[in-house]
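What follows is a set of structures for review.
In the two complexes that follow, subunit A is the common piece, with subunit B as its partner first and subunit C second.
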Partner chain A sequence: MSVATAGGLTLAGRDRRFGLLLTAPGLLALILVITFPLFFTLFTSVHDYTLLTPNYDTFVGLENYQEALDEEYLPDSLWVTTKFVLASVVIEFIIGFAVALSLHATRRFQSIYYLILLAPLLINPVVVGLLWRMLLHSELGIVNYAIGLVGISPVSWLGDADVAFWTVVLTDIWHQVSFMAILLVAGLAALPREPYEAARMDGASTISCFIHITLPLMRPVIAVAILLRLIFAIKTFDIVFIMTKGGPGTATDLISYYIYRAAFFGLDIGRASAMAAGLLVIILALTVYLYRYMNSLK
Partner chain B sequence: MANIVLEGVTKVYGQDILAVDNIDLDIREGEFMVLLGPSGCGKSTTLRMIAGLEEVTEGNLKINGEVVNDVDPADRDLAVVFQNYALYPHMTVERNLAFGLKLRKTPREVIDRRIRDTTAMLGIDDLLDRRPSELSGGQQQRVALGRALVRDPEAFLLDEPLSNLDAKLRAAMRTELIKIHRMLGKTVVHVTHDQVEAMTMGERICIMREGRIIQVGPPLEVYRHPADSFVAGFLASPPMNLLKARLAGHLGVDEVGLSAVNLPIPRHRQAPLRRHAGSEVVVGIRPEEVHTEEPADGSHHRVDVTVVAVEVLGPEVILVADLGDGQEISVRQGSTFQAVAGARIPLYIDLEQLHFFEADSGLAILHGGASGPVRPDLGSYLKEGAPGSEAAL
Partner chain C sequence: MSQTSRFLVPLEGFRARLDVEEEMTANIRGAMRKRGRWRFLSWLLPHSILVVFSAVILLPLLWLLRVALTDKSTAYKIPPEWGQANFDNFIEIFTGYPFFSYFLNSATVAFGATVFALPLAVGLAYAFARYNTGGLSLRLFVLSSQMLPPVILVLPLFTLFLKASLINTLPGLILAHMTLSLPFLAWLLVAFFDGEVAILEQAARTDGATRFQALVRITLPVAAPGILAAGLLAFLLSWNEFLYALILSGPHTNTLPVGLSSFQTHRGVDIALLSAATICAILPAIVLLPFLRRYLIKGLSLGALK
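Right after this comes the complex of A and B.
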């Protein structure tokens, strides 16, 4: 039962108003930095808006979307992005799970291992890109120097189209694998101990314990870890921007960098906005799926 | 069926945490042995060492005469029922039951037959397609039991399997476990902290405390002849009243003083107490050996007490009374007994039934009833007390 007060508001109503008052500054900031650019992008995506002739008057409907879809190099960029996302997430998962299992089994110096593992994750992606670009520099880099010591001829890590793609993938893995490992090790730590003891009594080997108990019990954590990394990997921009600028050729031309080029080199904001909106839909779909999946676990 | 023998078994965790301290125990073939004790007494650790889930730090663990200290749990042919059931949460009941058999490469038709027989026996044959999360606590308990039964092992190790059930279900499962044991005749080691479970289920009870075995024996024997005041105070509900007292009188043992009251000691019971004349002792009185009305035979002594509380349990009433010195005594009465707190009432204590324990070590000196002095075979640890003085107070 709510009781009306002098101001004509119920107790709950006053609570709500006070809450709104407290959150207002934060909400305002969020609207300015997230919601506004989002809607502005959607707005420009349906207008003929180029930086050469800025003009909001020409509403063109879905023309920008059509143009984007017709572009010659878009499928290429989508294919590179798909390869990049699959390669990095799959390898990160395999390495991450192996690291998580070993960390889980380790008792001594655990916090030191955590610290080492977390270090790359704490570095800004731009710094990661710069760091590896210097380490992998074909003439001045320490990597080529080191492999030269054992007689291997220098590798053009970022100059060769085939090598550059994997260089970017491996840099991303170096940066992000600990995220996967930390999520998975937390999952392992939360597993009940009893089924493992029951399995030992039942005669299960370490491998059958892993297959029949660990993997099925870890399924929710694995799904969440992979989905999160998928979402992040699709948006990857910084490393490519710093290390390869999408090159050589289009070898590392991820979709986010492709959109960036359309906007700031092609100066065609309308078309770039249309593509960004498309990317948003893909990420949104994955996020909704992730959200639903996590809800279904409750 | 398995004969399980522990010889000087010790378990030390880490550097110096002594969980089980040099215990000897012979669990006979087909026996229902209950390991009883308060939490932290080492009973679960003992069970887990038998199972092979914990390593034996020192001593020998033998199954059917063979030392199995280094034998893998799976090769000991024992089945454990865990306190939290430890069902595989992602598997259906059927797969839970079949898992162990499949790992042992049992033929499909044998697995099917055993699952059918076991689930029919436990009344869970309609749950085969469900997952553990879709079962009630009682059903999960049955599945856990079924998983042990279906393997047809040499012995069953039950680690507080009933403690997560409500009182009614627990009583039903107790009866069921006894029936199953009688039917299969397999060795059972049952760990519990519940003395009712121990008394009702065990063929023998092994009472543990602080990593040591205090006493091993059939339930009634342990109940009647507790090896020390700890056992006396642990069994039955309410347990034996343990009262601080001092032996006194002519030759020091004519009567026992409870500071506010003195209880005479019948002449024929005095001899075993002589060694302790004048010393502090603990007097044990079972709640059922005290009466509120004077019984016909003459071995009862009247004591006037103040009523502290009356706990109505339905079929019986527990009267808690103050002896006058702050020491309280529980008395079991029929359901018709009534009294108000603060009232002065007489109690009649059966002097033949008094138990005597050493004050410092807690060791039994004299048991109540016809049994008389402590029998030396009751607890291997029972030792001769220090020679007492004959001096009277």
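Right after this comes the complex of A and C.
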């Protein structure tokens, strides 16, 4: 890119060779630990491979896929996952944007707020699950005690199906909202000053500045932040494992947890692989979209 | 830009503009009075939002600390009682339970996965940044590797590790965690090789340094702080990882998150002990936080934002 200025195929050729030399070990490692296992998943998904009969003797074609689609609770899990992803990303965006704008508007204590904001992001998700399980315990939890002080009757945070779903969503928000806030605050800091100065000259109000300048200029950052969180939210596993095990019923049975159960409780790795392959397609489609979008910004 | 264009305005246009600006100043003065209240509000509102937000984040963590420091029976008392703070729980999790082994396993795996992935990732990232090796498709490959839900990869890793007798071994777990750290680092490090360091390197090349010398003598030392920070982030990524460890480790290789998750079921929930253990588990992250804050944005936004 930068060295090829002197021209001549040999220079560019050497650059290429050096680049390939540097890439080769990492690329081989990636292929070994990621690509090969992924193809192995596809291979498993068309065989009758269970943990009771762990062999590849029986080729079954698309039977695992068919069986997976026929499963009674898969649609529930897909629906719960969709609801979970949408609810957490939308609420995180709203809270995250409010926090980002506030942080952008303050000078004093900014670095303290910022450090507090960053803290949840580095905290182990298992710890987050355990922490909120403890706080939200229906008899011994401090939350029910605290709301009792203001006259609200105790809530069964994890025992009631409707409530449990929102409990998991809120726990995830507590853990991940900072992600959204930090990306948005970085976006706000990079905005140009001139449009605001010009608008202020014309006597524009703070609110109309926000709607006509901030929002349009922030669009790329908002899109990237939302897409990234969307993809990450689909992966959510840990807090469900710790807090609800997918229950009550199927109220919090996110797809990652569903596939995990199919493989290691249902013992049917073949069928779980078929579902994993389906999930892979969705994630890859979202990633390609994100990648194209990120490149179109450059 | 607006300043230069203002100088280019012809004189008459300039006079007209002055009038307009005078009128505008008057408008602004009027507005200023009204804005006195506004200014107070626009100071109060952000701080209120941030204080509430900070409290929601901090209070649960402080409560965790409080429970960890009380004795076992006081921990359960509702309404809460404030006993004498002591460190008995912290001592007990290390003497009465295998938490030291969990710690050691977590540290070994996270360190191993980071140290093995880092040189490979440096090679990939540098080749991307300087020579655009593999073009857009290789970059997409690295990005998608990073986006994979762990549950997709853990199925084949489990069956492959069963065959290769890597289940329940630390090398197996290190290999599994490299599926996280390698793409993460490769993608993140590209940003550290772009920009000013490329100019320095170019100068060295003109002075006769080979490509390899320029990389080793110029670029790596200049990018070292970024590489170190990225390494620490990758360490935490692996330190916090749960699903791979849950499935691929056994009694002797359990990592901290797996230890914590099983702690709850063994003997009811001993929340004082559990809190002490979780405090220990998040301590490395909290200690590293101030050093990593500058790099966290790059790491989180996957380089989409600087």
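Everything below uses one rule, namely that the second predicted complex is superposed on the first by the 263 of 298 C-alpha atoms of A that agree within 3 Å, B and C clash if a C-alpha of one lies under 4 Å from a C-alpha of the other, contacts with A are read in each partner's own complex, and residues count from 1 in each chain.
One rule holds for everything that comes next: contacts are C-beta pairs under 8 Å (C-beta built on N, C-alpha and C of every residue); 3 or more make two chains touch, one makes a residue touch a chain.
Predicted model only: the values in this text are computed from it and were never measured.
In the superposed model, A:203 makes contact with both subunit B and subunit C.
By the touch criterion stated above, A:152 is placed in contact with neither subunit B nor subunit C. When subunit A is checked against subunit B and against subunit C, the one touching more of its residues turns out to be C. Contacts of A:294 after superposition: subunit C is touched, whereas subunit B is not reached. In the overlay built on the shared chain, the residue A:11 is in contact with neither subunit B nor subunit C. After overlaying the two complexes on the shared chain, residue contacts for A:69 are found with neither subunit B nor subunit C. After overlaying the two complexes on the shared chain, residue contacts for A:194 are found with subunit B and with subunit C alike. With both structures placed on the common chain, the touch criterion links A:285 to neither subunit B nor subunit C.
Legend: residue contacts after superposition of the two complexes on their common chain; A:217 is shown touching subunit B, with no touch to subunit C. The residues of subunit A shared by its contacts with subunit B and with subunit C are 194, 198, 201, 203. Residues 1-3, 14-16, 18-20, 22-27, 29-30, 33-34, 37-38, 40-41, 44, 49, 54, 95, 98-99, 101-103, 105-106, 109, 112-127, 130-135, 139-142, 145, 174, 178-179, 182-183, 186-187, 190, 194, 198, 201, 203, 206, 221, 224-225, 228, 231, 234-235, 237-238, 241-242, 256, 259-260, 263-264, 269, 272-273, 276, 279-280, 283-284, 286-288, 290-291, 294-295, 297 of subunit A touch subunit C in their complex.
Interface of subunit A with subunit B (complex): residues 192, 194-195, 197-204, 208, 212-213, 216-217, 219. Taken in their complex, subunit C has these residues touching subunit A: 1-2, 24, 27-28, 31, 38, 42, 45-47, 49-50, 53-54, 56-58, 60-61, 63-64, 67, 76, 78-80, 117, 119-121, 123-124, 126-127, 130-134, 136, 138-145, 147-160, 162, 175-176, 178-179, 182-183, 186, 198, 201-202, 205, 211-212, 236, 239-240, 242-243, 246-247, 256-257, 260-261, 264, 269, 271, 274-275, 278, 281-282, 285-286, 288-290, 292-293, 296-297, 300-302, 304-306. By the touch rule above, subunit B contacts subunit A in their complex via residues 51-53, 73-75, 78-80, 82, 84-91, 99-100, 103-104, 147, 151.
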